[in-house]
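Both of the next two complexes hold chain A, though its partner changes from chain B to chain C.
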Partner chain A sequence: MPRFLASRSALVGTAIVVVVAAVMVASGQRQALVIGVITGAGYGLVALGLVLIYKSSGVFNFAQGEFGTVAVYTLYGVHDLAGVPLLPAMLVGLAAAAAMALATERVIIRPLFSAPRVTLLVATAGVSLLAISLELWLGEARIRFIQPALGRLDRVSVFGVQVSDQRLLVLAALLMLAVLLGLFFSRTNLGLAILGVSQEPVATELMGISVRRLSSFTWALTGVLAGLAGMLTAPVVGSFAPGFLTTTSLIPAFTAAVLGGMTSLPGAFVGGVVVGVAQSLAVSAPIFYENIPGPGAVMVFVLLVVVLALRPQGLLGKSS
Partner chain B sequence: MTRRSAQVAVARGAAITLALLLAAACGQKPGVGSDSTAAPTASDQAVAGAPASQDESLAGSETVDTSGGSSAAAPAAGSTGAGGSTSGGSSTPATGAASPSGRSGTGSAGTGAQGNAAGTGSGAGRTQTSSAGPSSGAAGSGGGTAAPAPVPGSPAAAADRTGVTDTKIRIGIHAPITGAAPFPQNAFDKGKDVYWKYLAEKGGLFGRNVEIVFRDDQFNPSRAVQVCREMVEQEKVFILMGAAGSEQITACARYANSMGVPYLSAGVNEDGLTGLRTYFATSQTYHQQHPALVSYITNKLRKTKLAIVLNNTPALNETQQSVTKFAQAAGLNIVRQSRIGKNASDSELLSEANALRGSGAEVVYLLTSPVNFIKLATNGQAQAYSPIFMGPGITNGLNIVAEAGCPAIGPAKFFSPFPQLDVIDQLDPDYQKSYQKYNGGKGDDIGLAEWGLSKVVGAMLQAAGKDLSRQSFLGALESGKEFATNVYPIVSYNGTVRFGAKSAHLLEADCSKRTFKTIAQFTTGF
Partner chain C sequence: MSLEESIDAPPVLEEHAVADPIAVQPAAPPFRPRPVGWMARGIVMAAVAALVLLLPTTKGAVDVHIYTQAVIFAIIGLSLNVLLGYTGQISLGHHAFVGIGAFTSAYMVTVHGQPFVAAVAMAMVVGGLQALLLGAVSLRITGLYFALVTLAYGTMAEESLFNIQKLTGGSAGQPAPKPTWFTTDLRYYYLCLAFLAAVIWVDWRLMKTKGGRALSAVRENPRVAATFGTDVKIYTLMAFVVAGVFAGLGGALLAHNDTFVVRDLFNFQLALVFVIMTVVGGLRNRTGVVIGSAFFGLIGYFFDKLFEHGLDLRVLKVLPKEYAPIVIGPMLLLFTLTRHPGGMGQQVRPLQRWLRGGRFSFKDTHEDEVRVSDVRA
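The block that comes next holds the complex of A and B.
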């Protein structure tokens, strides 16, 4: 049995997800289930970065979306405008996202690290707003269109829903990253050191581990994750604008992270999928969309409130 | 503080921040957090006494023609019309004292008093038209919670020359430069002054040149009211114009009405705008376009299965009822009706595309933003579903939509107040020449949209005469004159009719060139 399913609460949470999926299939909402999974994967990718930062430093990072948006702008500039091939352009995009995350850590997070976490939360929101303003200023306030790296649309069809190669890529990237990061934190010294810093920074420092370096590493890593999320999901949607990832994915991704348990990387994956399915169900089932304006957004909000009220540790998280 | 309590505190902080962000997002959703001035009620509409049909004939109409190469003749025609208008308008200040009682009165009694005062005070035929009960009633009720300012067209108000000097007329425009239906800012900036520069070279409007004040409404009705308020109260513009976005136009038009400021836009929804005293549509409303749209589906496309997809905003309720009624009357089978969010998520649009495919709709009537349209078409294509997208609107027929949306949008067809670039040289050769002259390049369709709208407004300002005031301007519009530009359709209004256009252009996407082309000009049906 996987480690994250070892606890009773996690089993219950997983069982709920499975039952909901089964009910959807039985009630004719199979397509909503498929659509939810493939769109929720994008939320899960953003949620991974949120969980990574929270897990390592206890900070709710509201700038996560903008790390990804900067990567998308960089990819667009380098690939679409300058004509650099896609893969090198993506690497430049990842580097830009990592650089922004590092700068945030160095200029904002590190000086405020001993401040209350709420202060850091607000500080990251400030970084996000600043980034959006800069994107508006430098990049013109208009929508840009971006083509997917993988253009085939009909390779896989599940319950009548065609899943494009680009969506499969997002799903595969999410699964792979969730597993790799889970292994990283449980099996490697570096991962354990990061967890140690989040729990007892002074003791970790006394063990000869540089907290500053670890913090920089973690933020750079979360920048890379956000960059991947942005560069993989923007072509799926087909367009982006200033604040792209923040406006389209941050709130669902936060909900996914909370749903998954905030400290559980596999939980971010599960949370992303659950949020995607809930949104998809809300806009597909007549009982919702005929009675609720903006049912998708409402469903995300309801899900967030319900989880915070009934199970603050999330489906796969551990209660303190 | 224990670790547990610290976590709870942080979680609460995050929840509060998320709630605030969601609330901010909901502020852009239809029906949530909209500005109080933009909240029409059924009783408002009833009191307004709007005519059952906006197609009623306009008696004694006179044409102010600025179309094609005949623009030089416009001032003369405008001057003639202006004389009458001005005399009517300028006779009104003497009755200014009647205004407060009219404003303080409530309901139909107050309105009636104002109307009577107007009729008595001026005695002019045109002024009697402007004092008709329904329109005055609309002014009294249209402001929602805000008490309306003196109605410029009524004799009860003093001549209001805000924004007008001997050399300048200041006009405020709001448009979405950011948000879900953005105009590219460069294109918009380049195009907004071209007609006015062209006109200035020809002597201007009785020696006056037009100065444009522009604000981005972010495709958000609350923001739209905010920027309109800025333009009226701080920038002191003479009139307001809305470029696109039904919710934004409705919200701003209602604010403008409450302030007595003339407001013009391309035709959008009628719900919420019917009965507003100072509002005028410069092209057909969605409702007015529906007969031609349905006849095209039945007679030209020969399709029978129709799906209706609209933005999820209460302002489009009446539009949905209207297209449903016309489609059913034409024998079309409506296989799906749905609403999508203004900033619909990927999940929502993929679900919608899938549901449309499942419904078997051959034609999708679409009334949403270009971004939603392109994403929906792209998701449809990904599901091997390519219906014919068709609809009314202002922005979905722009070339940037074809550029970004082809091939997914296929041969999409949208009605439009203005033609596309393929026929503009035949209709109005001055546009490309002027654009080239003032901007140094070939004019685009966004510039054309601005050129056409400016041209209509220019004709109206000419008709209002040299002694320009908001009263004379509204008087000229209500006089029944026809305003012809050969770009926008001919429009004419009277004391009650504010939706005064009777034709539209039909555009079709040509994905081989990634542009839209004009397949019908000034059409009324098929």
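The block that comes next holds the complex of A and C.
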């Protein structure tokens, strides 16, 4: 059994999610629930990367969204423009995201290893802005349209809500990824070493594990995660523009990571789903969108402040 | 030997003289420039003053409008410097701070028909109040988490507050005419310069007060500061309010400079530009922040001029001018952070020292190397 199911707080968190879901189904917000869960899984994927980097480098990585956007641009260039088949093109996109993450780690993070963490945060924000401006320049600042891999919209319905095939594909891919990551971090030596570094870097180094090499690997891994998040969600939206994943997902993903206590991987994923559902509810429930402009952003902000004020260790995190 | 004599005698100097052959003459007077030296310094200062005060008179309204914007950026940079430099809290939502100031002023003038002075005062009050609220939140959560809250706050303001039709005019925007006596761009430029001078003076005087010293103590080490009886919360809140007031002022001036406020101006990229210009300018260095902010306010203009005068570099040909500032800005930021943490302020320090009547030297430029304070989380 994966470790995260064994913890009591995870069970409590899951119970809360189930109750909220039941209430939403009962009150007729099924659409919001289904869409929210799938969007939220995407947030969860970005949040996983944020948590991984926070654990390994102690940085809030504001460039995380841009790793994903770069992957989307690469996918678009290789698949839609150059005509390479989808799967190889996706691999190229993932490689681009991983390369960008590695370069960030090498050029920015490593020289600033002993710098204060706020400096590092400004640096990652700088990387993000640089990536956005390069996209604006090279990508000609316009909105581009991207076709979903699966086009049918009405094949499947959940709770009476029609879900497009692409959304189902995203959900399936994300669930599979979550299980794979769970296995990776609980069963493989590499995964355990990463967790070890995040808890006791010195002791891990003494066990003969290169902390530097693992740091590079962790950054590459988060690049891949962000790349997947970008390439899976962009076709659902149907279009993308410079800064795509940063504008849509970065703040919700951070909120998700905070909900999970900033250090818990399953917590980040569950947090993503919670944020996705809350945001989707705010956008689709008349009581919110008739009275508040931009209800989604307000909901995320309120959620973030409330969680930080009441339970800074996160819903699923342990209090330190 | 009496007590007074032992104090008067310089024993340390003599020891030094033996160890250090350069300091053989113990009674070397402190360096004073000769009259020629003072004259040279005076000429340089006059040249800088002429550049700031007289150059705009020779230019057209379009150019002066951009200079004014650079002056306002300097005010905003100083505002962010209070947060980032003095308290070590990073605000990624400063576009919201500035935007709220801009919309408040435009709302007061256009909808309520208030005079400019009242509108700007109101913008400063509202700016201070919102900073106070966010500051109250930040007392519980510091460092990285605070950055996150400001970011979410900025996005919320962007998508929600700035879309309230009654206050901001929605997507159409809100007119913000220039004040009565300053209707031309040139006069408004001088008005903004006066405001900048006032902000610099207030900032300088505030840092000399007990509160200012308390802030540096808190930044260096909050626990030690608290042990010595410094009320960390009150002084941090004070810094927030000051930053908010400056940002509100900057926003109001920005609104009336453009004579029209649109919500699209205040986006996340702008917040990042604010952070970049403050850090590249050099935290806790007023001169540096002003130079850095003005530089980023003018960077697009510089490139315009370069292209106008037939600059023919292949690299810049490839890089279109509208993207040059936003590509070069982040690069400068990353370069500053990894190589020159003192920023522009540190680069101009030899010149500053010389202007104050010291010797010109590139040595000891690292006298107090700038560090963003560590996280208190």
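The criterion applied here is as follows: the second predicted complex is superposed on the first by the 309 of 320 C-alpha atoms of A that agree within 3 Å, B and C clash if a C-alpha of one lies under 4 Å from a C-alpha of the other, contacts with A are read in each partner's own complex, and residues count from 1 in each chain.
Note that a residue touches a chain if its C-beta (ideal position, glycine included) is under 8 Å from a C-beta of that chain, and two chains touch if they have at least 3 such contacts.
Just so it is clear, the structure is predicted and the values come from calculations on it, not from any experiment.
Engineer: Put the two structures on top of each other at chain A: do chain B and chain C fit, or clash?
Structural biologist: Overlaying the two complexes on chain A (C-alpha atoms) leaves chain C and chain B clashing.
Engineer: Let me test your reading of the model: by the given contact rule, A:Val20 touches which partner, first (chain B), second (chain C), both or neither?
Structural biologist: neither
Engineer: One more residue to check, A:Val236. First (chain B), second (chain C), both or neither?
Structural biologist: first
Engineer: In the overlaid three-chain picture, which partner chain does A:Thr248 touch, first (chain B) or second (chain C), both, or neither?
Structural biologist: After superposing on A, A:Thr248 lies in contact with chain B but is clear of chain C.
Engineer: With the two complexes superposed on chain A, say which partner A:Phe60 touches: chain B (first), chain C (second), both, or neither.
Structural biologist: both
Engineer: Tell me which partner A:Gly36 touches in the superposition: chain B (first), chain C (second), both or neither.
Structural biologist: In the superposed model, A:Gly36 contacts chain B only, not chain C.
Engineer: Considering only touches as defined above, state whether A:Ala95 meets chain B (first), chain C (second), both or neither.
Structural biologist: A:Ala95: touches no partner chain.
Engineer: Once chain A of both complexes is superposed, is A:Leu175 in touch with chain B (first), chain C (second), both, or neither?
Structural biologist: So A:Leu175 meets neither chain B nor chain C here.
Engineer: Once chain A of both complexes is superposed, is A:Val127 in touch with chain B (first), chain C (second), both, or neither?
Structural biologist: The answer is second: A:Val127 touches chain C but not chain B.
Engineer: Residues of chain A touched: more by chain B or chain C?
Structural biologist: Counted on chain A, the partner with more touching residues turns out to be B.
Engineer: Pick one for A:Gly294: touches chain B only (first), chain C only (second), both, or neither.
Structural biologist: both
Engineer: Give me the intersection of chain A's contacts with chain B and its contacts with chain C, in residue numbers.
Structural biologist: The overlap between the chain B and chain C interfaces on chain A comprises residues 60, 62, 116-118, 121-122, 125, 136, 247, 251, 254-255, 258, 293-294, 296-297, 301, 304-305, 308, 312.
Engineer: Within their complex, state which residues of chain A touch chain C.
Structural biologist: 60, 62, 107-108, 111-112, 115-119, 121-123, 125-130, 132-134, 136-137, 247, 251, 254-255, 258, 292-298, 300-301, 304-305, 308-309, 312
Engineer: Which residues of chain C touch chain A once you look at their complex with the stated criterion?
Structural biologist: 88, 90, 92, 137, 140-141, 143-145, 147-149, 151-153, 155-156, 158-160, 163-164, 268-269, 272-273, 275-276, 279, 319-320, 323, 326-327, 329-331, 333-334, 337-338, 341, 371-375
Engineer: Sort out for me which residues of chain A touch chain B in the complex.
Structural biologist: 31-32, 35-36, 38-40, 42, 58, 60, 62, 116-118, 121-122, 125, 136, 140-143, 145, 153-154, 160-162, 164, 233, 236-239, 241-242, 247-248, 250-252, 254-255, 258, 276, 279-280, 283-284, 289, 293-294, 296-297, 301, 304-305, 308, 312, 320
Engineer: Report the residues of chain B in contact with chain A in the complex, numbered from low to high.
Structural biologist: These residues of chain B touch chain A: 3-4, 6-11, 13-15, 17-19, 21-22, 25-26, 29-32, 177-178, 182, 184-186, 216, 312, 338-341, 343-348, 350-352, 354-355, 358, 371, 374-375, 378, 381-384, 404.
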